[in-house]
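Once you scroll down, you'll see the structures, which are given as structure tokens.
In what comes next, chain A is part of two complexes: it sits with chain B in the first one and with chain C in the second one.
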Partner chain A sequence: MQAVAPGFQQDFFQLFCLPTSYRLDNALLDQYYRALQEQVHPDKFSHLSEAERRISMQWSTRVNEAYQTLSNPTKRARYLLSLHGVDIQEESNTAMPADFLMKQMEWREAIEEARQARDVAELDKLESRLQHELRGLEAQLADRIDDRQDYAAAAGDVRKLKFLEKLAEEIASALDALDS
Partner chain B sequence: MSYSEKVLDHYEHPRNVGSLDKGDAQVGTGMVGAPACGDVMKLQIRVGKDGVIEDAKFKTYGCGSAIASSSLVTEWVKGKTVDEALQIKNSQIAEELALPPVKIHCSILAEDAIKAAVQDYKSKHGSVLEAPACRENCKG
Partner chain C sequence: MALLQISEPGLSTAPHEHRLAVGIDLGTTNSLVATVRNGISVVLNDENGRALLPSVVRYLADGSTRVGEAAQAVQSEDPVNTIISVKRFMGRGLSDIGVVNGLPYRFVDAPGMVQLRTVAGVKSPVEVSAEILKVLRTRAEEALGGSLVGAVITVPAYFDDAQRQATKDAARLAGLNVLRLLNEPTAAAIAYGLDNAAEGVYAVYDLGGGTFDISILKLSKGVFEVLAANGNSALGGDDFDHRIYCWLLEKNNLSALGASDTRLLLTRARAAKEELTEHAETRVTANLCSGEAIDTALTQQDFHDMSQNLVERTLQPMRRALRDAKLAVTDIKGVVMVGGATRMPQVQRAVAEFFGQTPLTNLDPDKVVALGAAIQANVLAGNRGGDDWLLLDVIPLSLGIETMGGLTEKIIPRNSTIPTARAQDFTTFKDGQTAMSIHVVQGERELVADCRSLAKFDLRGIPPMVAGSARIRITFQVDADGLLNVTARELGSGVEAAITVKPSYGLSDGEITRMLQDSSQHAQGDMQLRALREHQVEARQLLEAVQNALAQDGAALLDQAEQAHIRASMDELRTVLQTDDHHAIKRAITQLNDATVAFAQARMDKSVSRALGGRKLTDLEV
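Moving on, here comes the complex of A and B:
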């Protein structure tokens, strides 16, 4: 049996003493993250027993995992929904709304065309349009999770976010390729 | 992660890339997406008067496994009736392409694309896919 520090069952929001909500004060998250990291950093425990060092390592890992999860809008939503017992079914649910998928196809075509035409200005334009869509979807998620507790609809929004994240990656990699 | 030879073959020489006329009554269009990786897949079938699939086309934005899965199923569905096409299971696709566990969702996407295309075709031909009770309720 590995020694587990007390309080390891806290969820990520409790760990950071933040309210369990989708809306998040990013500055506060960053501030608490730095404070927690300092408390559990393994270097501080180098003079202690192996068991204690192992615990500090576990804490450090957990704090990092929590930060990665909470600071990312998609991961935060997925995690929050899982706390409410809702799985976003990202592996199995392929039935997105038809108009949404049609738009995804159009996005991918536009990115591909701009990439081939080496049109950086067009890629930048697509990027800012995408950011606009992302902000809109995140606002809708905050409304559905925090205000309406409509977790089923929110799960659909998170699935949409996954597609938009992929578009952001595609645009970034197209820009990278043209940069070099 | 390395791709199997079959995946590479379909990826480098995809079969049946393209589009069919969405508005054609004989054409069924299936659009699906995999949230896990953001892949989108469009699969279209053209069905003859005898109910046999004459042609199939696909367009997929995704990884090699997703492209290979859709390319493979366009080959498989040709010559099958729509109901036979519905029997294609993702496990068969995954096995044929030797997909690793992390890529199983690509084969699920392809299976669901066939189902969506067949459903679209059937809806154009008034097949009873919905519960008949609804029609009763709508009378009067």
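Moving on, here comes the complex of A and C:
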């Protein structure tokens, strides 16, 4: 029999018994994640039957996927909006506000300049400034999703987050390159 | 036994026999086997009281092998047939292996993995490693007085899929049931964590014979979490030997040495390196084939100078690991030292300087990995309640596929907690396209050419459609050993075709079978006997597990008919277990497994809801 467990039909918030909201108690998420993995992880089943080992791997995989989605602010937003049936249009909608695009260009130039100058301290500074912006955008997302249910505006924020994350990757890879 | 850990406290089931399980550190230079005895992890020694088995295998013309000290003693006399540091070749092609020139072997460039031509024929690194594992298995079975339920085998955290697969294949070839491939630094942390009840973020600096690993681990409330892993799978103590060797050549104006002189000088170089751990100066003496005698003084300072950039090459992976873990040096509460090469004073100094603290060295750096692996093996064999701790491990390198223009599309990023799975949909780019070629790679670089190729396969039988309308779903599943399985399905128009990756690096089941048959120690009758014994052990374990599960949850989760169905399968397995027919036993095992799928699922649901304390969404304050 290849029955799908009831747990597999729950969404990630239900799986962790957490309210379906953007604001999240991270400590509680961590605690439930571990409690769940303690029950389902393959290490608990390696001496048991093949059926139990297979189900354990499926469950553990799902719990990991759920945790990775909920613990990451961007992925959580994306997931929540999809639960609300909102299409974020990340690939198709690239029309961003002009001032946002302007700022993007400034970021890119600053990173490129620091990379060329092999200035690790400057890259670190850019990194922490970027983190600050990310936190601000996340606070705005919480407001728009949880308090105002303004999902269209939230979708715009997620598209912005994607841009900022790209920048963070660029800084990381510039730092990596300076190491070698 | 804490089956699924859902038994009520005080409601313990019947006591069972202690299952024999071991931890094996399959090292580049030395290998060890350890087990938990009376609750304490101990390394098992050979009949001469030696714990370390040199990872050296010598092949003789009659097809027999010598492993360990016996092989090491003659390595300078018979370097071509005496394989050392074979771990470096596991899952590696000829082009992947750095310095081939200094090595005395006759390499055969086979597809996927390099092979070695010996007097006993061409050998794969998997076969050579299996010889080492067989010796350790025998040592353990003799010391423990019974056959092993399984083994935890350690691998460098930085090992890619091909290297892990090769290690697992070697274990299978040696007749070992692999309970888990465990990352070496994690094993070290288990040994340290339990002994010292440590909490916090730790770095494990593991400089072994041929590999360097740095791992950032978070230990808290019994959970071991690998936050990041990095390293260099071609950097280790051997490279320090090689530096001394090159220095000796230069000092003595030597060039183009024969294979046995090369080996002799490398052996002397290693001895000098070890000497310099305790002493400020040493002499290297050797008599070469030409009759020339070498007698050269070497100071600690000389050695430090010539090896400084090797030590520095360990710093870059450390910085990367910290960055991946989003941590600063000051967040690291302690640094665990693993591997014999960490005894070198210049290494300890560099690590202390980098982290701004003295590293931990109170466990023997050669034994710590095996000790930790044994502790994990004991838990995985079900010898104690597994609720003591949980090990959450990650994949060290990103997995992806090749897309247009030779670019890599990452599907599972590095440092993802395993097991993990990710499905991604792709489509056809030509009208009427009926096949698609899928190239699976591992690595961080953007160009496919810079990543490791893991597998290539074709998905055929796609119904002809307009470009872009087929939906091909590629699913990556990484299991708890870090091993990858890729499947592709065509979902468009309801037609499905599935394919499993044919490994280009790992060995197929057919190859394993052939190797088993080739091996002189596995005559046909021997194999039958082994299969019978393995299936008997498996059957008894399964019966015990199902028996316990029924006792705990049978009445609550199953109706009479379902219970009767499972019991009938159990009776059948018990009946065939009385015979010597290993095929029939295997069939009955499969049948019982199939009969318990729904039951196992229901039990899992029950334990999952228990994990969250039976909370309902409505009970929580929103």
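Going forward, the second predicted complex is superposed on the first by the 174 of 180 C-alpha atoms of A that agree within 3 Å, B and C clash if a C-alpha of one lies under 4 Å from a C-alpha of the other, contacts with A are read in each partner's own complex, and residues count from 1 in each chain.
Convention: a contact is a pair of C-beta atoms (placed from the backbone, for glycine too) under 8 Å apart; a residue touches a chain by one contact, two chains touch by 3 or more.
Source: prediction; values computed, not measured.
Look at A:Gln116: by the touch rule set out above, it reaches neither chain B nor chain C. In the superposition on chain A, contact is made by A:Glu165 with chain B only, not with chain C. Of the two partner chains placed by superposition, A:Asn26 touches none, neither chain B nor chain C.
Note on chain A: of its two partners chain C and chain B, the one contacting more of its residues is C. By the touch criterion defined above, A:Ser128 lies against neither chain B nor chain C after alignment on the C-alpha atoms of chain A.
Once the two complexes are laid over each other on the shared chain, residue contacts for A:Gln149 go to neither chain B nor chain C. By the touch criterion defined above, A:Arg34 lies against chain C but remains apart from chain B after alignment on the C-alpha atoms of chain A. In the superposition on chain A, A:Cys17 contacts chain C only, with no contact to chain B. Within the superposed three-chain model, A:Leu101 lies in touch with chain B and out of touch with chain C [touch as defined at top].
Chain contact summary for the complex, chain A toward chain C: residues 1-3, 5-7, 14, 16-19, 21, 32, 34-52, 55-57, 59-61, 64-65, 67-68, 172, 175-176, 179-180.
Taken in their complex, chain A has these residues touching chain B: 88-96, 98, 100-102, 104-105, 108, 158-160, 162-163, 165-167, 169. Those residues of chain B whose C-beta lies close enough to touch chain A in the complex are 31-40, 42, 59, 61, 104-105, 108-109, 112-113, 116.
Residues of chain C touching chain A in their complex: 3-6, 19, 149-150, 179-180, 221, 223, 316, 319-320, 323, 376, 379-382, 386-387, 390-392, 416-421, 477, 479-480, 541-542, 545-546, 592-594, 596-601, 603-605, 607-608, 610-612, 615-617, 620, 622.
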